[in-house]
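Look at the two complexes coming up: chain A is in both, with chain B in one and chain C in the other.
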Partner chain A sequence: MTRAGHHRLCGSDVHRRAFLGAAAAGAAALVGDVTGIRILSQPALASELRRNDRRCILLWLAGGASQLETWDPKPGRPTGGPFLDIGTSVPGVRISELMPKMAANLHRHTAIIRSLNTGNGDHGGGSELMMRGRGREGGLAYPDLGAMLARELGQADSQVPDYVSFYSETEGRNFSRLSAGFLGSRYNPIELTDKMALPDVERLESIGELDHRERADLRALWSKRFARGRDVSAVSSHNVAYERVRGLMASDKLFDISTESQATRDKYGPTQFGEQALIARRLVEAGVPFVRVARAWWDSHGQNFETHQELTPELDHVMNALLDDLAERGMLENTLVVTLAEFGRTPNINASLGRDHFARAWSSTLSGCGVKAGSVYGRTDDDGQHVADGEIGAGELFATIFQALGIDHEKEYHVGARPIPLVNPGIVPVEEVLA
Partner chain B sequence: MAYRRPYRMAVVLALLPLVLAGVSASRAVGVEPPAADAAVERVIDHYLDAGLVERQTPPATQTADETLVRRLALDLIGRIPAAVEVRDYLADESPEKRAALVDRWLGSPEYVEHQATMFNAMIADGEGDLKTYLQAALAENRSWDQVFREIVLADRSGDAGRDAQDFLRRRVRDIDVLANDVSVAFFGVNITCAKCHDHPLVDDWKQDHFYGMKSFFSRTFETGGFVGEREYGQIKFTNTTGTEREAKLMFLTGVVIDEPQRDEPSKDERKREDERLKELAKKKEPPPPPEFSRRAQLVETALAEGQRAMFARAIVNRLWYQYFGQGLVMPLDQMHSANPSPHPELLDALADDLISHGYDLRRLVRGIVMSQAYSRDSRWEGDQRPDAEAFAVAQPKPLTPTQMARSMSLATADTESLASVDDADERAKRIASLAKTQNADLFEQPGVDFQISANEALLLSNSERIEKNYLSGGLVKQLAKIEDARELVTRAVWSVLSRAPSEEEIELLEGYVSTREDRREQACGQLVWALLASSEFRFNH
Partner chain C sequence: MAIPTNIKHVRTINRPGITLCIAREGESERVFTGSSDAKVYALDMAQEKPEAVAYEGHASYVTGVAVAGKHIVSGGYDRKLIWRETDGGKLVRTVDAHEKWIRAVVASPDGSLIASVADDMVCKLWNAESGDLIRELRGHEQLTPHHFPSMLFTCAFSRDGKYLATADKPGHVVVWDVASGEQAAAFDSPEHYTWDPRQRRHSIGGVRSLAFSPDGERLAVGGIAKIGNVDHLDGKALVHSFDWRKAERTFALEHPRHKGLVNELRYTADGEGLLAAGGSGGGFFFWLDAKENKPLGDEDAKMHVHGVACGEGFAKVYAAGHNGVAVWEMTA
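And now, the complex of A and B:
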């Protein structure tokens, strides 16, 4: 099935690439979608798409963590607040005293970016922007980071989920809508809120194991007969979806941390955030390309310092444990861990001793896969009011994430005739933090 | 309702080539074009057959009657047919039986309900709800130009306007979005590529066109739940060379509308206006209409002779896509000169026919489903399946959430009661009531290039909601009472797939049941599940 005008219109050289030509029989507006499925029948080309099993875990600090109480402290300044800074294992780099564990290990895996100016201080708009690398524009539903990575790093017939998101607290959950957008529901996240397990992966008691399997075989047989002579991508996607069922049902055990050693569980700690980070590690270990673990609610309009006194040490502990565990297992080479939020917080301290939304000068970190450990990029001015050096936006951060994972950020998807690159045109990665 | 004529239309960019989708040099087709008053289905088959000759692609055969009935039912009334409806059709020996069935279904309340759901997804697209409005409009086969008027004018004076205004109300906060959504829904063009720069792919689209379309909505605002329009306000934009320009009131074809000069109000006047609006909102009254309405100008311009082809072609393409699963122009929002239709004469002929018949959508739909092209088989027996754009073979279309829910409900219902009903209308009502919309929320609205997700497969495989609603009573209970395995599986296939099973299929299914004699009712449930979860059920083919 070829789109009307498709070949005539798409000027991109993506079209001329051999592996797409091979899939042209089923080409669709979203060219790659179909290739993703068909590619598997061509082993030589399939390897081209498998990027050394690279993975990504996003620690999403929902509500907006304060850069001043984490990665970019300003002690002694009017905007500094009561906490001090401490030296880190990287000479000359100091972070908040609330993060002693990361401070001790900063040189091992982590790069800090202190110069985000993202321009959207609204929870909804900021989340959309920072989960997609661009704002809402062009009448297009852009896919979020997880969907793009599921698409780029996952495998079409994968037996594990390719995009899982944890968001247990209720605050802010609706601000942070995830979606595969124009990539289609194939790449939508499995979102876990109250239950820490996949939905519909347990066989109902009313049907036995054998019957469950054999009725599925009957379904497959019947559907295969139907598919003969109906070689179109929607029909094949139906059967691919059912072929994934048993694998997904088996992946239920990935969510059960009771099989982990007590030592490992202790390392992450008994908190929900810690346990979810441990599950995230189990998931990426099993081949899930993208997991988001959200921790809410950092939105400290009042009592900013109490909030961060509670949340920052937890982040410090869990992030350090996660990096440590991934490194011990030899997985950090292939796994990128990102800390990010919809925005940071105002340097100015308000009358309620809070900090408000602030998107003009804030921080993010990248650790592990493809990252130059111990690097710090960008600088804010003395009071943290403006970026003084190395200003970047959401797009540059996304380009950097893609680059770290070995994905060409200039790669284009096609929505009908429109070429849509992974990040907006002209945007380049921050080479300074890349290995 | 009387509408003022456009104030004055002046084609300013006289040299601008107005080559919009579909307008292109006529291709020699070797056969005389059909007469101007030819039936729509003849026009369709004439042009498509000529195209197939040119491509040297013989089309797929006409599909079997039972498949045609299923296709018509899903497309026209939004559910699979009950077995009895298919049987009646097969038994009917009248040569006019297809037309009779199409007319009956096109005149049914189920058609109104289904088409309103489809249009609501197409126009509102999840942002706002036009369902009630569309039901009323479709029930009286309101013309498409009238629907466009009512949605874009959001006139509060009648019931129609009240229900129709949700489209504008939900978008008015972002005029860029509003202008684009109107362009996509009613003119088949996405204009946002021309917002920040001249359109990169379409030579005849400049930033002026984007800001021109935006200008029609720039005075629209919301107050107290109503959509109003001001008398003043201009849009300025900075082009790529950094020059600031004032946007003209320009339609997509390049036509510019002159409007009366209006000075910007003073601060005091604005303040008084705000107070007046607050008063009205308190009294729950709509704001007064402007003397000069830019939105009314858009409606009049878009529907004016010489301009309206764009509007007509857009709805023709939308409906064509709905019924064929592939538009005459793809993508649906790229109907412009750089993306011509592979069937330009057909698109133009259908648009002309629609205009000359008062934008009567039912006439168009009837023509589509009566064509030979519509009733081709979806299976391709040859080597290489032809491009969808050739329309040589039918495209399997994934069911929409409502089609899916209603069909699952009807397929697994207790249909015993139908046997005793002789009155056709009464029976139709009973069948419709067995096809319940509940659980439609479990399924995803398919877009272009839809891929079915693993979540859906998991849901069907393991959800208690599926088990309880579709596999525990009705059909499964009835099947379990049937002693003869052959009869049992035949009944199951008829109920779920609306056709008779082949000998081979009977054997296969009998085999499944016979190995489960100790748990017959469960076996029936599993059998029904396998058919219900099959691709044959999931698609309109």
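And now, the complex of A and C:
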């Protein structure tokens, strides 16, 4: 997909349709939700946001990357491990020597948050928490980050998916329990595991392209006649759903990186993580509001340093390539790239020269859209055992992500009569990392 | 000689941090250790409470230490080699030796040469006295078969000093002719390397120890067997032996009781027995009948053993480990 193609999909003519379509989407939620959960949107705000064409790519470091071997090194301390730190392009800010490319470009796009205390060191619980911004509460099924951003940034009549998640490794794949929760299945992710392509979108061989198109035209004709003189939102929703199917069937080309130049493919590298990051760029370029690229598995209970010698340079390379590519295409000012995991790793080094689960003082990064590049928020103590300054939890991080994308974090959904804010009440964004 | 398979713990000197390597000064009870606190320590283990005399100079983990003549030579993840006098610890020289982490430092049997191996995948031979670089030995790939940076973990001289073996993460082993710098043999021992392409998509393992038999004909290769869950060192301790000139494996043993990395291998003087030491969360020693390919005595070490120093008789074995330095006695 070329930049011109992006404009065709996301340009100004789309915004008017997006505004009109939003009503249909809201109506679809009302009608289509058999549980009786009612969702009220705020069309004015949503329309404002959609004009911005904002997107988000989440690099999910599944299993828990070590903050000490990435963004918050402690060289020379008993807990520091063997890696040195290196200076970055931001004076006074040092990161692990395993990340020379990000170090050289830190000032351009990226903010580091070093003070997450999220309190859940369990893979399942931590993943759910860090994909939702809050823990479980009673029987209420909170939507995950991708679903909320699909809801807030997506276009009702979009021809491309709203939420795509890559997770090719098998370990930990289901820990996050990705789900749109009370937002309804409209915002559930398309989860790609074995193949880097949309599943089940191929046209049946027994139906020719012309036949397929004529069937769609006939269906549209009948729907149009049926709707004439009727004010039934369900009909609109029905038509939108069919249009989306056609769009999804056509969007399989977005997953084919063979159409990219060799130079671009080389930039991302030959790894699966790199190729998926390249696809993520193609998807957001085409208008997909949220893509998660999971790289598993960082759970280095044994041989932590050898594991990070493999995985951290790969992250450094792929993340840097992705940010560069987005910036060169003029997309980074509208695309937020987040690195996150379910938790970090213990400062203490165990007898297997490993690090274990640790949610008390760890790191995340935000790059691009809405971010104050080169900023560092929060501080851990000398050994990385505790947050010394600027402690935040998952909710604050989510509020910051929403704010960076121009979404009011105090916005409320409604489940029945109950208002549900995007993040829990009283939580505020980290203004220090926001542009 | 009978194989000293009775293994008895004598005492442990607790040390802070991780003691990663150890070398002994001749047949004395004076040992030098390398530590995760970037220091080399001298300890007189004959004392009831040995004082640890610290030598600074490295900037990261000290992973190799060797005694050659009047010098102690240490290497670390800071890529430096540091020469000191064994008597008093006076600094002799510091050399920026490698481009990446130094994984091991060994002295030739006659003490004239120092060999260092590092993750730049180069083995370097140094004049132990002058510190001059004699030659670089390049025969290991920079990347693993799966595009990740490889690691050159270990090296060992033959008893006559004519050959030097080096081994890396994917299990490639090279035997070098020390005099010419030519490859005398090369073969692979891939069972020491686990690549998980599906569940976790990274690797673990690698060849961590090498030992020539006293007659120089066999080369023992130590590490960890294939691992199902690469989050942990959850594979059996693995020892292979090769007729290295023919590149033929002559035996393979996955220890039935002990899991983890085999970090050290030592033959008895007659080549009949082979001592292995290493660990994962805990540690182990075990003996092998090197001719019959079968395990003999073994013992839990209560600490992951990263390094061993001992004489040919194994009367006293000094072990560097996660919690300090331990003394073991091994008798027939």
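We adopt the following convention: the second predicted complex is superposed on the first by the 362 of 435 C-alpha atoms of A that agree within 3 Å, B and C clash if a C-alpha of one lies under 4 Å from a C-alpha of the other, contacts with A are read in each partner's own complex, and residues count from 1 in each chain.
Assume a contact is a pair of C-beta atoms (placed from the backbone, for glycine too) under 8 Å apart; a residue touches a chain by one contact, two chains touch by 3 or more.
As the structure is a computational prediction, the values presented were derived from the model and not from experiment.
Student: Have a look at where A:76 lands relative to chain B and chain C in the superposition and call it first, second, both or neither.
Tutor: In the superposition, A:76 contacts chain C only.
Student: Which partner, once the models are overlaid, touches more of chain A's residues, chain C or chain B?
Tutor: In the superposed model, B touches more residues of chain A.
Student: Who does A:271 touch here: chain B (first), chain C (second), both, or neither?
Tutor: In the superposition, A:271 touches chain C alone.
Student: Scan A:228 for contacts with chain B and chain C and give back first, second, both or neither.
Tutor: A:228 contacts chain B only, not chain C.
Student: Between chain B (first) and chain C (second), which, if any, makes contact with A:59: first, second, both or neither?
Tutor: Neither partner.
Student: With both complexes superposed on chain A, which partner does A:337 reach: first (chain B), second (chain C), both or neither?
Tutor: So A:337 meets neither chain B nor chain C here.
Student: Given the touch rule stated above, what does A:202 touch, chain B (first), chain C (second), both, or neither?
Tutor: first
Student: Based on the superposed arrangement, let me know which partner A:350 touches: chain B (first), chain C (second), both, or neither?
Tutor: The answer is second: A:350 touches chain C but not chain B.
Student: Do chain B and chain C land on any of the same chain A residues, and which?
Tutor: Touching chain B in the first complex and chain C in the second, no residue of chain A appears in both lists.
Student: For a test of understanding, state which residues of chain B touch chain A in their complex under the given definition.
Tutor: Residues in contact with chain A: 177, 180-181, 184, 190, 192-193, 195, 201, 326-331, 333-334, 338-342, 378-381, 384-385, 387-389, 395-398, 444, 446-459, 461-464, 467, 508-509, 512, 516, 522, 525-527, 529-531, 533-536, 538-539, 541.
Student: Spell out the part of chain C that touches chain A in their complex, as residue ranges.
Tutor: So the residues of chain C in touch with chain A come to 16-18, 36-38, 59-61, 77-78, 101, 119, 147-149, 151, 198-204, 206, 231-234, 260, 279-283, 303-304, 322.
Student: Considering the complex alone, what residue numbers of chain A touch chain C?
Tutor: Where chain A meets chain C, its residues are 63, 75-76, 78, 82-84, 168-171, 269-272, 295-297, 299-303, 306-307, 309-311, 313-314, 349-354.
Student: Quick one: in the complex, what on chain A touches chain B?
Tutor: 1-6, 8-9, 25, 28-30, 33-34, 137-140, 161, 184-186, 188, 190, 198-204, 206-207, 211-212, 214-216, 218-219, 221-223, 226-235, 237-239, 241-242, 244-245, 248-249, 415-418
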